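There are two complexes below, and they share chain A, which is joined by chain B in the first and by chain C in the second.
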Partner chain A sequence: MDHVFSHVAVLGSSGVLLCGIILLWRRSLPSYITAFRWQSITLAGLTAGVAYFGEDRNLYWVAAMILALKGLVMPRLLERMVRRFMADSEVRPYVNTASSLVISGVLVLLAYAAARPIQALATSPTRGGVPLALGLIFVSLFVIVSRRKAITQVIGFLMLENGIALLAVLGTYGVPLIVELGVFLDALMGFLVMQIFVYDIHDTFSTIDVDVLNRLKH
Partner chain B sequence: MVILALLGPWIVLALVAPFRRPVGLVTSAQGALPLVSVGAALTLTWTVLKTGPVSGGWPDWFRIDPLSAFMACCVSIVGAGTMVSEALTRSARTRASATAVPATDDERAARRVATYGSLFVLAMLAAVTVGNVALMWTAIEATTIMSAILIPLRRTKASVEASWKYILIGSVGIALAFAGTVLAYVGFAGRMGRQEHALDWTLLMSVAPGLQPDLLHLAFVFLVVGYGTKAGWAPMHTWLPDAHSESPAPLSAMMSGVLLAVAQYAILRWKAVVDLASGGAFTDQVLVVFAMLSIGIGALSLVLQKNYKRLLAYSSVEHSGLVCLGLTFGPAGVFASLLHILNHALAKSASFLLAGRILRRYGSPDIERVRGLLRAMPGTGPLFAAGLLALMGFPPFGIFISEFLLFRAGFSSGHVRLTLVALLLVGIGFVALAGHLVRMLYGAVPEDVPPGETERRGLAVMVVCLLGLVALGLVLPDAVSGLISRAAEANVL
Partner chain C sequence: MFRGPGVAIEIAQSLLALMLAPALVGLVRWIKARLQSRQGAPVWMPYAQLRRLFRKQVVVSPHASWVFHVAPFVVFGATLVVSLLVPIAVTPLPFNDVADLFTLVYLLMLATVFLALGGLDPGSAFGGMGSSREMTIAALSEPAVALAILSLAMVSGSTNLGEIAARTVADPAAALSPGYALAFVSLFIVMLAETGRLPVDNPSTHLELTMIHEAMVLEYSGPYLALLEWASWLKFFVFCVLASNLFVPWGLSTSLEPGALAVALATTLIKLVVLAAAVAVLETRVAKLRLFRVPELLAVSFVLGLLAAASSFALR
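Up next is the complex of A and B:
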């Protein structure tokens, strides 16, 4: 059983990380959102899997919340935003696709190095996926700094949250449920405020390229 | 019960504040309710000192030890000061206007500040009083959201930019802090198994000596980068000058005064846990880097500054770095840091509130534009001068004492070269602030600026803050030093 469990964990976390890397070679905002949606769905599936094999009922709730919030509601809201800014939906990153992929590869290697203390400590069958979760955290940070649209930064941030959720699920079968609730509430509020600010940027500057945000210096 | 009195007033105020009338009642609530919270914080402190830590809530979500009580005092005093000053200004404005309810933009802005400002204070108070690291994280994350909403109160290109940078950098930083929390929990669960209360400070501290150091080091790096972003430490400080200078004055006062301190509190707590597992060497090394960078970048940025609100913001980076440095100087250093948090909270929030008045009168945040401040604003001018002198570390203000204690702790704990460099940088900051201040105070008042003070009542709060600062500088009351040394003791090896 543990054997199957650890395969499921590694397979699931690879899927989640892969969605993050697929995003790096896509060029339009709608495909970014699709990548994020599939990442969230995979994460929800993996969480349910850990709930089943790890025999933790609470995790089913967490999986359901991830699916509802990040798999359905947030992508919907993002798509609505993108429709508003239709003319402006090509991403044009600072770093080209090939270099992006190389950098993300290096980041995942770095994650394997950083995760050594956990690998040494943990005995749980899910530990194989932990470096992948750290890798997703690093890749998301890279997405945030290397893409110039306000929306891509939001998506990068949401992926970062997915990475942390993945880390929690693999490392300890999730944090206590009350904490999980607080995290979801914060994530939702934070997302809504970010959404307001993206509209603000668009109304004030008539673009969502963050390049224009360069008045405040020194 | 007391905890309810500490947090409750802010909830009530957040519910009442959106109402437009009766305007008198709303403004009195804004002035009076926060004072209830201050009273509760002081009572709590007294109880904690007399009988030990207080727990409460359902089921014991809150746990208040001397450190929490101290932070709760700082937060509620600055929050109340800001709200009372807002209420006084509002009532002065209502009196001056012909109609019963001034339906101006100013009023609308004031209502939003009161609503989100009280939620903001509520989140900060919750952050320092909950006994669970993960719930503390949720509360600190909520502070980002509540304060970010207020930045684009008047929508300009600059404020939209500042709000975006703030929410993005702040949220990413705080997300990394959560990753650190999760990593620490992995370490805990690996040893003790999964427990509902595993993330309570008390339990964490009691098992910390047996936790695996490598994993906690990894967690600590995430935590310091994460909460350090919120604490305004360089090189993650880039959002701070923008957010603090573009925010409305009351929000800047609370963000600079106590929000930075709440993040520093989180790091101090975590440092205690990690130190128990691995000795103090690792955490000190990490913190020293951020401390010196912050002091350096903060002090040097003061030199060429052209905008007085950004001047105050960079001074916050410098002081935040000093607090961080103190944390690495052993028990005496932690004592100095905590005292510095209190002094800085009073000085910086008063200065930002005064800067808000100056901005309204001169209509420009440029140091170049502000000339003849003493003549143009005979009340605000001298107080602003006093605030900046306090921030420079002049006696008889409290910051002089806490900086003195901090540097002494540095020398006596054997960090001679480090302390000398920090002293040099603080000296540069001193000269820069003095230069800017002199230029603002004297000279010819611009012709379009009407001389004379208006809405004088609003100044009362700043006077009280600065008098408190003088009191802390002349005689450090036993109650204060007793509380701080109890708070420091529990969190140092």
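Up next is the complex of A and C:
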């Protein structure tokens, strides 16, 4: 049973990481949102799997919330934002696609190196996925710094959130439900605030390219 | 190892691959046509195409040298040898001693190189363009394949095809491990690139500036063209068998009993049909990539191979 559990955990977390890497390959904002949506759905599925194998009733609620909030609501809100800025939906990253893919590969290797002590100490069947979760955190930080649209930075932040949730689920089978609720509320608030900011940036500068923010307006 | 009957089965397996390869391609075309709500040519259409081509005479450009005449045979021969090595129904067979993944990759590479030479030889503009593109893609897909192989080899401790398959048959849950899953996606992307399927090359167009495989075989006609086409279909078949029987070898037989053989053959055929359907659905969903984006696609494959190798190494 434990054998299957660890396979499911590692397979699910590689699926989540895979969505993050696919995102780096895509070019347009709508496909970024699609990648994020699939990542959240995979994460929800993995959480439900951990709930089943780890026999933790509360994790089902967490899985349902991930699915509802990050799999349905947030992608829809993001899509509404993108529709408003339809004119420039191409991402144009600072680092070209091929190099960012290779860099993300190196980051995941780094995560493997960094997670070695944790893996050596942990005894839970889910420990195999910990380096992948760390890798996802690194990759999302890389998305935030290497993409110049404000929306892509928001997506990077949400992916980072997914990475931390993944790490929590794998490391300790999730934190207590009340803390989880707080985190969700935080993420939602952060997202809404960022959404307002993006709209404001667009109103003021008539672009969401963060590169032009250092240009004085008045 | 089964010496005497093993060799017979091995050859029968390869002949079966040769016979079924056109049907597999025909199946992909038919599913694709149905998905695009067209009537679609029947599944056995490629056989009729082969028969027609074998009956025609060969027209050779006056500028062509002996390379042009040799290339179809080398391409067909190398692919046929590869089909002898892959585990189609039974795994440890006599030829398995040489069935190394590296042998397999470089036999396929030999075929690719000769195909490119055959395209260059008559000196037509299209052929040269196709060959240069093919070599670019081949050079980029090779590291991805090498890494995918490395991750498989790390899990099973050998680069021998039979041993990898036998190891996974003995421990079916291993097929779910992340190393396998990532390596599978990586090899699937390379398969699409190597066999000229849609995101990289469009197999159904003729005379278009973006074509690769068709550009190389443009100067060939008659039986030569038939051999090249057959070889490319066989290559697709071999890649499908590899993808299904190395990564999910469930049902593969390890003995020569007729019952087990029949089950193994049936499961392989089912897996092939599923894979063909997956390729057809993918080809209807995606558009062809710009040539300059192909390296990025292969970079995805490379990174996945790297991750596969890293996770197999970490989980060992």
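General remarks:
Here is the rule we use: the second predicted complex is superposed on the first by the 214 of 218 C-alpha atoms of A that agree within 3 Å, B and C clash if a C-alpha of one lies under 4 Å from a C-alpha of the other, contacts with A are read in each partner's own complex, and residues count from 1 in each chain.
Basically, a contact is a pair of C-beta atoms (placed from the backbone, for glycine too) under 8 Å apart; a residue touches a chain by one contact, two chains touch by 3 or more.
Just so we're clear, the structure is a prediction, and the values are computed from it rather than from any experiment.
For the composite obtained by superposing both complexes on chain A, the positions of chain B and chain C are free of clash and fit together.
After overlaying the two complexes on the shared chain, residue contacts for A:Val210 are found with chain B alone; chain C is out of touch. Chain A is touched at more residues by one of its partners, and among chain B and chain C that partner is B.
Contact with neither chain B nor chain C is seen for A:Arg57 once the two complexes are overlaid on the shared chain. In the superposition on chain A, A:Gln119 makes contact with chain C only, not with chain B. By the touch criterion stated above, A:Ile21 is placed in contact with chain C alone, chain B being left untouched. After the superposition on chain A, the angle chain B-chain A-chain C between C-alpha centres rounds to 160°, nearest 10.
By the touch criterion defined above, A:Phe157 lies against chain B but remains apart from chain C after alignment on the C-alpha atoms of chain A.
By the document's definition of touching, of the two partners only chain C reaches A:Ala98; chain B does not. Of all Cα pairs spanning chain B and chain C in the superposition, the closest are 18 Å apart. The contact surfaces that chain B and chain C form on chain A in the two complexes do not overlap at any residue. Across the complex, chain C meets chain A through its residues 173, 176-178, 181-182, 185, 293, 295-297, 299-300, 302-304, 306-307, 310-311, 314-315. Listed in rising order, the residues of chain B touching chain A in the complex are 132, 134-135, 138, 141-142, 144-145, 148-149, 152, 155-158, 160-165, 167-168, 171-172, 175-176, 178-179, 182-183, 185-187, 189-190, 194, 196, 198-199, 212, 214-215, 217-218, 241-242, 245-246, 301, 304-306, 310. Within the complex, the chain A residues that touch chain C are 3-4, 7-8, 10-11, 13-15, 17-18, 21-22, 25, 97-98, 101-102, 104-105, 108-109, 112, 119, 128, 131-132. The part of chain A that touches chain B in the complex is made up of residues 114, 116-118, 120-123, 137, 141, 144, 150, 153, 157, 160-161, 163-164, 167-168, 171-173, 175-176, 178-179, 182-183, 185-186, 189-190, 193-194, 196-197, 200-201, 204-205, 210, 213-216, 218.
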